[in-house]
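Let me give you the structure first, and then I'll get to my questions.
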């Protein structure tokens, strides 16, 4: 199975093309089943691979070794032809990611069959979805940083297409553009990191870079630069501070898309990439520190913002950002295993949450939680599954989220207790706002009767994935933790980080506090919202700050505006300076010439300068009034003058 | 002793009448001065021993060209022109240029301030005739064509429009 | 050795010209065209005779005032070729009275006779007389449209200018005589001194007048505009290249300019001529006048060859002269086809060219080719000429002049393309197809073939130019 | 087999046939034009199979003495640097001619000029003699003048003459440079291959001077800042197919010359200029992108994006590494294809709506999905999306330059961002959002338009997914080319 | 009497001629001035012949040709003036300004 790992990205790609090009656009097109089938196949294959990897030890480099393209390069002053290899590297993280991506993808596709049914661009949606999965899987399996980057960009564009799927509305196009541009900004850093890697190593192969670093050839400073570049890229893709602004807006896309791309898979790509290049970060403590703090800050800020949002998807989006911050911070704190572990568990429960939210939105046709309430009876399956997911993310003991989060907190504390405090605060807030969402949505009174009345449980096609995911949310952590499976899959090879010892009681304390904050949430949001309103009045500036997302959007808008001004300025410069210099400047020279030749002529015809024609006209007029006014004796005079001058010139030598 | 007297008087005639040619308002007077000037030049030729040229100058220039010009002046002459300025407004510049040129020319001429004649003049008519029939035969033939062309032109231009 | 046989072409031409004068008296005006045919035929005969007498080395003939060498033969043939082509244009020109056809043709032949002597003269006397023969015939030709005030005025200006410059030239020759004791240009030894240099300068002024070198160019636009178009074409070509030939002979071979510190003067003249010609041409609205200025500029390019002063420069002068004949006569032919519309004086304004491509695509295309050739765009003959000239300048290290020249050729494009612009981009006022006479087309096709063939495959031309650049001494 | 001669001169033959063809037979003229362009293209495709990818020297060489007395020869040949460009030229000419089938006025003249233009462009890339090169170089000028001047937009006359004068001014300096190297070489020669080996004895000062002369000619064509201002005007005014050919091939002539002559013949001058060249490249990239961002006219925006993209080529060249060179050549090809497609697409919308104002549209993707899809594809290709043609070339350019110019490249990377910004903005404004009801009866692409655009789209994808065949063509040559620089 | 004397006279005559050609408004005046210039050249030629190169008469022969040429020019010139006078009724050069630009 491992030998055919390269098929995993190619099959969804083929499926995508088939769906896109085959048949006419039809709301009831059967073609999407091709995508589902392809994904199912991929899942099966991924599971086999996972099994292979879990039972083997070394990272695996399956054949074939294709050349994508070749180009000339220079090594030690000698030019040679470098073959850009296309090959696959299946190691623990990749195997794990494969399963996560294919599984979530399959479930989302199945879910979408129902969710998107009847949409005018039903078929196109699945084509995009398959395309996304293909790129994501390519990103996961590639052994080539360059190919990874290519896929990285492709998932970006799939995200763009899917966010802007309902492009005829006002919001999605803007959100799509914002998402693309923000991640592209991050990609610039990654781009530079890529360049640096190749200049330094002469290869894009992860395995070769790793060897290079292992042999100690990589200077720490360069490693830091590369690391920061990668971090910047990852910050864009994984919505880390300060580039997370796009993710809440990305919720304009269809909800299953949010579940797949903006919760489970694509946004994890940044974390995954940092994980893949971990050997390089390990050389540079500075870069590590940056990663850790970027993650911590993100986790905290996002959590605070999630506390005040009323849009159900936005809450989830902020939560995603926050959780990604956790992962990043873990990676930065030498918690490689923990970070990737959390990535896995998070994928499931966050996908579940989004799908559940989708189910709710499907039922009530609004995102605003203030118009929901009391839906638990109407939508029991959705309620139960989402409740489980919230428990999991909130860190309820023995659920999968708890396992990974505990692990992260432990690692972080060992690295730097300050990080631990920040993360703990974020974790508590997580528990709080997740349940705030649950309570607002499912319990209490129906705040909007009309909507409540029409609400109904989603069809089986949608609830089945929810149930399956709920199952995974509960057990994944335990399964992976058993026999230290995760430790073997994600071996942490670095020398043990000598740091602070993590006292066990602290873990229990955090767990306890998290449960406490769930209860606190019931206090505020379980019944009526008077307590919140009162609080809000007291802390209005804080609420404002949070609701305006720390004014980061304004900052970026200001940046965009600045760019626009720069563009206007540049164009003005182009049209009025550069162009004129070459047209009028030329004319100016001629004008001087004309002035000189006009020495005898008082009648200089002054004209307004107007581009090429005008100026040459000036010159023409100047010269003409001098040389050919029809007065023959003047002509003779010029000859006499010229001859005298020439005679003087020669005879005086 | 006689030679300088002759020279200076001839030079005076030539230059003064030349000045008259370019300054007088009345074109008829100018034309008359031109004749005088040409006569003076003929005199200079004589003083340089160019006997044939002396005769040629008088016959062709004074008798031909100056008279022809006089004819035309009379033909065109309008009494009303007499009060008009005959010199245009660039005379100052012209004067300046001529002054500067004179300075330069005199500078060059200064080279010959000590050159005097080494042989006394001999009659040159015979020599000229020989030259024209031998070495200068081609130009001699050619100049007949020049004259022919100019006649052709004169006839063409002065013939009244027939058509 | 008298080598009278070397004068046969000139004799034949003179005899034919005299015959034409006489024939004018006897042939009825309605058969006037016959005289044109006779005239170009006699020029062709003279051309053939020159071709038969082409020699490989130089001979000096009767009186030793002239020489027959490959270089002079080359220029003679070129002059005769131009004459033939201009007479072909004259055949189709509507403004000329047929009753004076004989006079017109005879004067053309006189003029080209003068040029033939001019290019073979090695004595200032002969050169001066030849120049006068050209001048006097040209004055008359310029004023040939007697009822046209412009024609009169052009002739008068031309005349005043010509007379003035020949007077100055004679003065220069007198100084030359004083400095050397002879009017001959060969066997001088090593003359020098301010008197000699001054004389050369004044003689150059006389040549410059004929070759329309700035600042002796002022008469050019006026005379060209006033003259009947075939005469304009003739004046812009034949006297110019003949004078360039004699300048090249005098200042490159006999009394090298470099010896007399005249190279700087030539450089200034070349630069000035090009620049003034091109910049004043920029804003002409009359195509005849524009081409007049263009021809001034072209004279500037030819001068570069003289500045460079070596064999390559001489070849460049000859090559460019040849090419220039082809492209300029072509341009004038089209101008005649368009402008000579039967109205008095014709209409040579740019607006007359509006939409020519609609009225006659062939004419318009040919005109574009001629204009592009004039501006030196490959693969047309003008490019080869410019290339040769520029490379001569480069070879001798006159980089600055080369830069000035190329910039000038850019400027020239502006006004050449203006004509193209009117022909192709402007809508036609009336779309009646424009038909030109067969002889005009004949001339055009000849010129076009010259421009195209020697643009694409110039080797034979260059080879013959190189062979012809052998001259006395 | 005189393949290159055939490829070059078959269009001329076609042009002459068209010229001689009787009037008012427009369809026949179209057929002849397409046929000749197709034959030329087919022959150059045949070379693709005959081309020896392992041979770094000139192939398919042809030699004939042309003007022996001036040492000028008719020498043609292609190597890995020029062959891809020849192929691009014949291909894009064919595409443009298909795109020109909609021309209704003065068809005969149009096809005549176009075929002459094609011959000139092919010749520029195939010529192995400097004078021959110059002849072809200038040969492209006149047809372009007429193509813009006759069939162009409202300000066509000014645009045409501006184009003409700018390029001519540059190229006459190049002529001087050609003369200079001729007289510097010993024995005097115009042969490019000989000259490329002859530079060892030339002083640095000489090389710098000649470099400047050459650069002036080439920079105008590229167009490199600050000689680029003719480009937006020419593009905006030119008819669609002419814009296509202008962007796709004509600009490449400058870059090609820079690599062939400035680098190959004058390495010392090139080395001296590098620090300036990199700055120009960065300016081209960033400034070009910024200017594009400020445009409201789609065509002008695409035109400025050309300035931006040619900046990448310059960047690659400024790196003076084989990687950068590969990138530059590849970028030339892909830019030709992508921008060609962009211009065609913009032309389509202009034909329908008679406006190119970005803000005049909205939601077109609903109405004309096929058109929108193709536009999205090309825009993404242009902004360098992986899997589409623009990505690899751009990356290689950066990779080549990064070795020597880290900071410059870092700044230039911002250009990528800006490029993405203006393309995305255009897509958002034009194709997304609610449909502007003004355009509710807009029609999607016709068959003719598809015939011209789809091949480009297919190539865009093909070259993006599998660029190896194209890169393999040039690798050996480029590897052998570097090393001139110390 | 030295050569310089004759040359000075000739130079003065020449410059007077030039001055006249530059300033006379009447065409006939200009023509006459040009004749003065021709005569100056003639004086030069004869003087040089006499003082410097007495062996041959080349200078004098040249003068003969010059005189003839001058005559021919005057003939054409006057005919032209007459023709123009018939058309335009003026002999003042500044009034000939149809052609300019």
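When the chains are written out, they are named A, B, C, D and E in that same order, and each has its own residue count from 1.
Here is the rule we go by: a residue touches a chain if its C-beta (ideal position, glycine included) is under 8 Å from a C-beta of that chain, and two chains touch if they have at least 3 such contacts.
Worth saying up front: this structure is predicted, and the values here are computed from it rather than measured.
Q: Listed by label, which chains are in contact with chain A and with chain C?
A: B, D, E
Q: Taking the mean of all protein CA atoms as the centre, name the chain whose own CA mean is closest to it.
A: Smallest offset from the overall C-alpha mean is found for D.
Q: Quick one: point me to the chain whose Cα centre is farthest from that of chain A.
A: Between chain A and every other chain, the largest centroid distance is to B.
Q: Pick out whichever of the two, B-C or C-E, is joined by more C-beta pairs in contact.
A: Between the two chain pairs, C-E has more contacting C-beta pairs.
Q: Where centres are the averaged C-alpha coordinates, which chain has the largest centre distance to chain D?
A: Max centre-to-centre separation from chain D belongs to B.
Q: Just how far, in Å, is the C-alpha centre of chain D from the one of chain A?
A: Centre-to-centre distance between chain A and chain D: 34 Å.
Q: Starting from the mean Cα coordinates of chain A and chain B, work out the distance between those two points in Å.
A: For chain A versus chain B, the centre distance works out to 100 Å.
Q: If you average the Cα atoms of chain B and of chain E to get two centres, how far apart are those centres in Å?
A: Here chain B and chain E have centroids separated by 6 Å.
Q: Averaging only over C-alpha atoms, locate the centres of chain B and chain D and give their separation in whole Å.
A: Whole-Å distance between the two chain centres: 71.
Q: Where in chain A do residues touch two or more of the other chains?
A: 624, 628, 630, 632-633, 636-637, 640, 647, 651
Q: Of all the residues in chain D, which ones touch at least 2 other chains?
A: Each of 161, 165 in chain D touches at least two other chains.
Q: Provide the list of chain E residues touching at least two other chains, using ranges where the numbers run on.
A: In chain E, 14, 17-18, 21-23, 30-31, 42, 49, 52, 58, 61, 65, 69, 72-73, 76, 80-81, 83, 93-94, 96, 98-101 touch at least two other chains.
Q: Let me make sure I understand the interfaces: which chain pairs count as touching?
A: So, checking each combination of chains, I get A-B, A-C, A-D, A-E, B-C, B-E, C-D, C-E as the touching pairs.
Q: Per the contact definition, I'd like the list of chain E residues that touch chain A in the complex.
A: Of all residues in chain E, those touching chain A are 18, 21-23, 30, 93-94, 96-101.
Q: Where on chain B is chain A touching in the complex?
A: 88, 90, 93-94, 97, 100-101, 104, 107-108
Q: Where on chain C does chain D make contact in their complex?
A: Touch residues, chain C against chain D: 357, 361, 365, 368, 372, 377-379, 383-384, 387-388, 390-391, 394-395, 399, 402-403, 406-407, 409-410, 413-414, 417, 420-421, 424-425, 457-459, 462-463, 466.
Q: Spell out the part of chain C that touches chain E in their complex, as residue ranges.
A: So the residues of chain C in touch with chain E come to 125, 128-129, 132, 136, 139-140, 143, 146-147, 149-150, 152-157, 159-160, 162-164, 166-168, 170-171, 173-175, 177-178, 181-183, 221-222, 225-226, 284-286, 289.
Q: Which part of chain A faces chain B closely enough to touch in the complex?
A: Answer in residue numbers: 633-634, 637, 640-641, 644, 647-648, 651.
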